[in-house]
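Next, two complexes with chain A in common: one pairs it with chain B, the other with chain C.
Showing the complex of A and B:
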C-alpha cells in the first residue's frame, strides 16, 4: 500500500555510494549503446559491400544474439541482484526454442 | 465475520467446492475428476483387450476400435495421469515449502475448471456423433481425412484443458520461486517439490507447441487452411514435429512427479535421508533439459535422414544416464535403511524393476536401425506401458495411499491395499510383458483384429487375462476408499510415524490456512530435524502469531471455463450448413468468458483476514477446522 511506505532518509555515505553506482551504470549503458551502434554499422557495411549471403546471414544472426544479450543485461537490468531465476528461465526457454527452430530448419525446410 | 467453520449442509458443501480457491480442496477436485477419467480410460482399455482376446473377434467394429484406442490414450494421458499428479502437487507442494496457499489461488481454481470442462467436452464426443479416431497422436493427414466431428472434439477439448494445465504449471512455478518459507533454500526443498518445479517448467515450455499444433489443426479442419495439406503446399510432417516437441516433454511431465513421490516414499519408509539428494536434484533438472532434445526419436521411420536420426538417437541414449543416477540413489537409500513394508513402500520397490524394464526397451528403441524393426509393433506398446503404468500409475497408486491421510484425514486399509497391489502388479506384468514378444512376432499396433493363423492367439489371450487382474485391483482400491470413508477413523499429524517433511508436521487434513505461523526451515527434512531434537511442536516459527490474510472463494473461474465450453460447441458446428445457430453459440460462449473476466477485473476482491484470536481458538480445538471459504 502506498500509504505505509516508509520515507527513506539516506546518510551521506549511502548517497555517495548510490551516486557512484549510478555513474557506473550510466557508463555501462553508454558503452553498450556505442557497441550496439557499431554492431549495426558492421551489419550494414557487410550488406553494402556485397558479400555472399552465406557469410552475411550467420554473422548478422550472431550480431543479433550479442545485441540481445547486451540489451538484456545493460538496459533491462538482468545483471541486477535477484534476477538469477529469471535469467535461468529465459535462457532455458531460448535454448529450447533455438533447438526446436534449428531442428525444423535443418530437417524439414532445408 | 467469523471465517472458521460451522457444520454445513450438503448443498453448502457442494457450493463450497464449486467456489473454492483453497489448494487442498482443488487437489481433491483434481483427484476425483482425474480418478473418474482414469476409470473411463480403464473401461476403454478393457474394451480393447476384450476385442483382442481372440482371433477374428467382432466385439468392436473396426471404426469403434479406432475411437476406443484414441480415447484410451488421450484420456489416460491428459485427463487421468496428469490431473491426478496435479492433485498431489496441489495438495502437498505448498505444505512442503511452508506456504499458506499457491501464489494465485484464483488461477488455481480456473486451471482446474478449464481442465474439467475440456475433459467433459472431449468425452461428450461419444454421445455426439463419434469420438476422435486418429490415435492420441492425431497425425495430420489421417486426422484431416477423418469424417464427422471426432477430431474437432479432440482439438478443441485439448486446447481448453491445455490452457488449464498451462495455468497450473505457471502457478506452481511462481509459488515455488516466491513462497518458500524462511530458510527453505532451493537445496533444502523436498524432492517432490523439486520434481513439481521441473515438471511445471516443462509444462510452461512444452504446452505452447501443442497449442500451436492444435490451432493449425482447427484452422485446417474448420476454415480450410492448409498448414498440413501436402497437395496445397502444406507439410504434414510439421504436425508430427509439433506434437512430439510437446509429446516427449509431456511424458517427463508425467514421470518426474512420479519420481518425486517415490523419492519421498523411499526416504520415509527406509527411515533414512535420501542418498545423493544433490545428485537426484541435478538429475531431475538434466532430464528436464534432455526432454526437449530427443523428440524426433518418435519419428525415426519418417525419413528424416541418417544425420538427424543419429543425432537424436545419441541424445536419447544420454537420458539413460541421469535416470540411472536416480535408480542407484534410490537403491542406496533403501540399502542399510530400517525398512517398513507399507503399501506405498511396496509400490515403490515394485516400481524399480518395472521401470528399469521399460527404460531398457526405451534405449533399445533409441537405436535407430533397430527402431525400424520395432516401430509400430506391439513392442512399442509394451515399452510405453512399462514406463507409464510401471512408473506413473504405480506412483499414483502409491501416492494415493501415502497422501490419503494428509488429504482426507483417514488411512486407507493396508490389507486391501496389499490386495490391490498384488492383483494390479501381477496383472500389469501379465498384460504387457508378453506384448514385447507379440511385437517381436510381428503384431502391429492399432489393428482391431488378427487372424487365427498368425500365431498370436495365446499371447493375446494371456494379455487380456492380465488386464482383468488390473481391473480387479482398481475395483478393490475403490472398495477400500468407500470402506475407509465410511469408517472415518481420524488420524493425527504424522500417521506414517516417519514423516520427514513439513506436511507431516501439521494436522491431517491441515486447517484451511495451513500454518498458523510460518515455519522456519533449518535444513533438508525439516520435520525430521525437529523430531530428532525432541521438538514436540514439530517446527520452529519464523514469525509471531498474527492475523492471516486469505483469499475469498469465487464462482467466476467456473463460469469463465463454462463459457469456453459453450464456445467450443459453436466452433465445432461452425462449418455445418445445417446448424446456423453455431455462430450465435460461439459468440454467447465467448461473451460469458470475457464477461466474467471483465467482472473479475472491475470488482475489487481483497480477501479477508483471520484474526489472531480465531487462530488461537482454532489451535485449542486441534487446529484442523475446515474453512468457510
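Showing the complex of A and C:
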C-alpha cells in the first residue's frame, strides 16, 4: 500500500539525540527569522529615509533575494537531504519566472 | 499497514512527511506546483511593472501618491511572523506533539486572518478614494497581482483550518503528516511571494 512504511522504534538514547538535534534546528530557524526581520527593517528604513532611488532599488531587490533564499533553504528545508529533485524543479521554475519578467519588461520598455 | 495506525514519539519516523510512497509523491508534486506558481506570479509581476502608473487617469493615481508604508510594514511583519509560527508547528509535528502543533497552527491562522483583514481594509480604502479595479491599467494590474496573492492567503488559511478541524480527533499519523507538512510549505511560499510584493510594488512604488 502507498502508506506502508517499515516501523522502527528508536532507543531512548537515539530519541533524546534526535530531540536535541531538532531543538538545535529550531534555534537556527529563529536565527534566520531574526535576520529576515532585520533585512525587512533595513529595506523599509532606507525608503523612509529617502535616499536616491538609484541607490535604494538595487539594494532592496538584493535584500528581498537574500530573504527569499533564507525562506527557501531554512523554512522550506530546501538545503536538507533528499531535496535535490525538488530544488531542480523550483530553480527551473524561478528561471522561467525570471525570463518571463525580463521578456515582458524589455518588450514594454524598449 | 493500517493508515490510522497510532504512533508514539519514539516510533514516529524522522521524516514523517516523506516516510510513505504517498508522502513522497505529494512532496515532489507539490514542489512542482510551487515552481509553476512562481511563473504565474512572475507574469503578474511583469504585467504590473509594465503598467505601473499607466492609464487614462494616470495623472491622478500614482504608486507614490497612493501607497502608505506603515500599513504595509505591519502586514509584512504579521505575515513574516506567521511563517515562523508555522515552522514551530512543523517542529512539533516532527516531535509527534499533536496538541502543540495544532496550537501553533492556530496562531498561524490568526496571524493570517489579521493579514487578510488589513488587506481588505487597504483595498476598501483605495476603492473609496476612487481607485477601483477598472480605473486604469495601473489599478487593474495592481489589484490582480496583490489580489491573487490575497486569494492564495485565503486558500492557505482555509487549507489549514480544514486540516485542523478534520484531524482534530484523529491525531498525527502517516495519513495526515504529509498534508500538514505541505500546507506549511504552501504558507512559506505565500510569504516568499509577499517579500517581492512589498519590495517591488510598495517600496519601489513609494520611491516613484
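The working rule: the second predicted complex is superposed on the first by the 99 of 110 C-alpha atoms of A that agree within 3 Å, B and C clash if a C-alpha of one lies under 4 Å from a C-alpha of the other, contacts with A are read in each partner's own complex, and residues count from 1 in each chain.
FYI, a contact is a pair of C-beta atoms (placed from the backbone, for glycine too) under 8 Å apart; a residue touches a chain by one contact, two chains touch by 3 or more.
What you see is a predicted model; the values in this text were computed from it and never measured.
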Side-by-side fit of chain B and chain C on chain A, or clash: fit
Touched partner set for A:76, first chain B, second chain C, both or neither: second
Inter-chain angle, chain B to chain C through the CA centre of chain A, in degrees rounded to a multiple of 10: 80
Which superposed partner A:48 touches (first chain B, second chain C, both, neither): second
First (chain B), second (chain C), both or neither touched by A:100: both
Chain B versus chain C as contact partner of A:38, first or second or both or neither: neither
Partner chain(s) touched by A:29 [first = chain B, second = chain C, both, neither]: second
First (chain B), second (chain C), both or neither touched by A:17: neither
Which partner reaches more residues of chain A (counting touched residues only), chain B or chain C: C
Least C-alpha distance (whole Å) that remains between chain C and chain B when both complexes are overlaid: 7
On chain A, the residue positions that both chain B and chain C contact, one per complex: 85, 89, 92-93, 96, 100, 103-104, 107-108
Touch list for chain A against partner chain C, complex: 1-5, 7-10, 12, 15, 18-19, 22, 25-26, 29-30, 33, 36-37, 40, 43-44, 47-48, 53, 56-57, 60-61, 63-64, 67-68, 71-72, 75-76, 82, 85-86, 89-90, 92-94, 96-98, 100-101, 103-105, 107-109
Residues on chain B engaged by chain A in the complex (per definition of touch): 177, 201, 205, 209, 235, 237-238, 241, 245, 289, 292-293, 296, 304-305, 308
Residues on chain C engaged by chain A in the complex (per definition of touch): 1, 3, 9-11, 13-15, 18-22, 25, 27-28, 31-32, 34-39, 41-43, 45-47, 49-50, 69, 73, 76-77, 80, 83-84, 87-88, 91, 94-95, 174-175, 185, 188-189, 191-192, 195-196, 198-200, 203-204, 206-208
Complex contact set, residues of chain A against chain B: 85, 89, 92-93, 95-96, 99-100, 103-104, 106-108
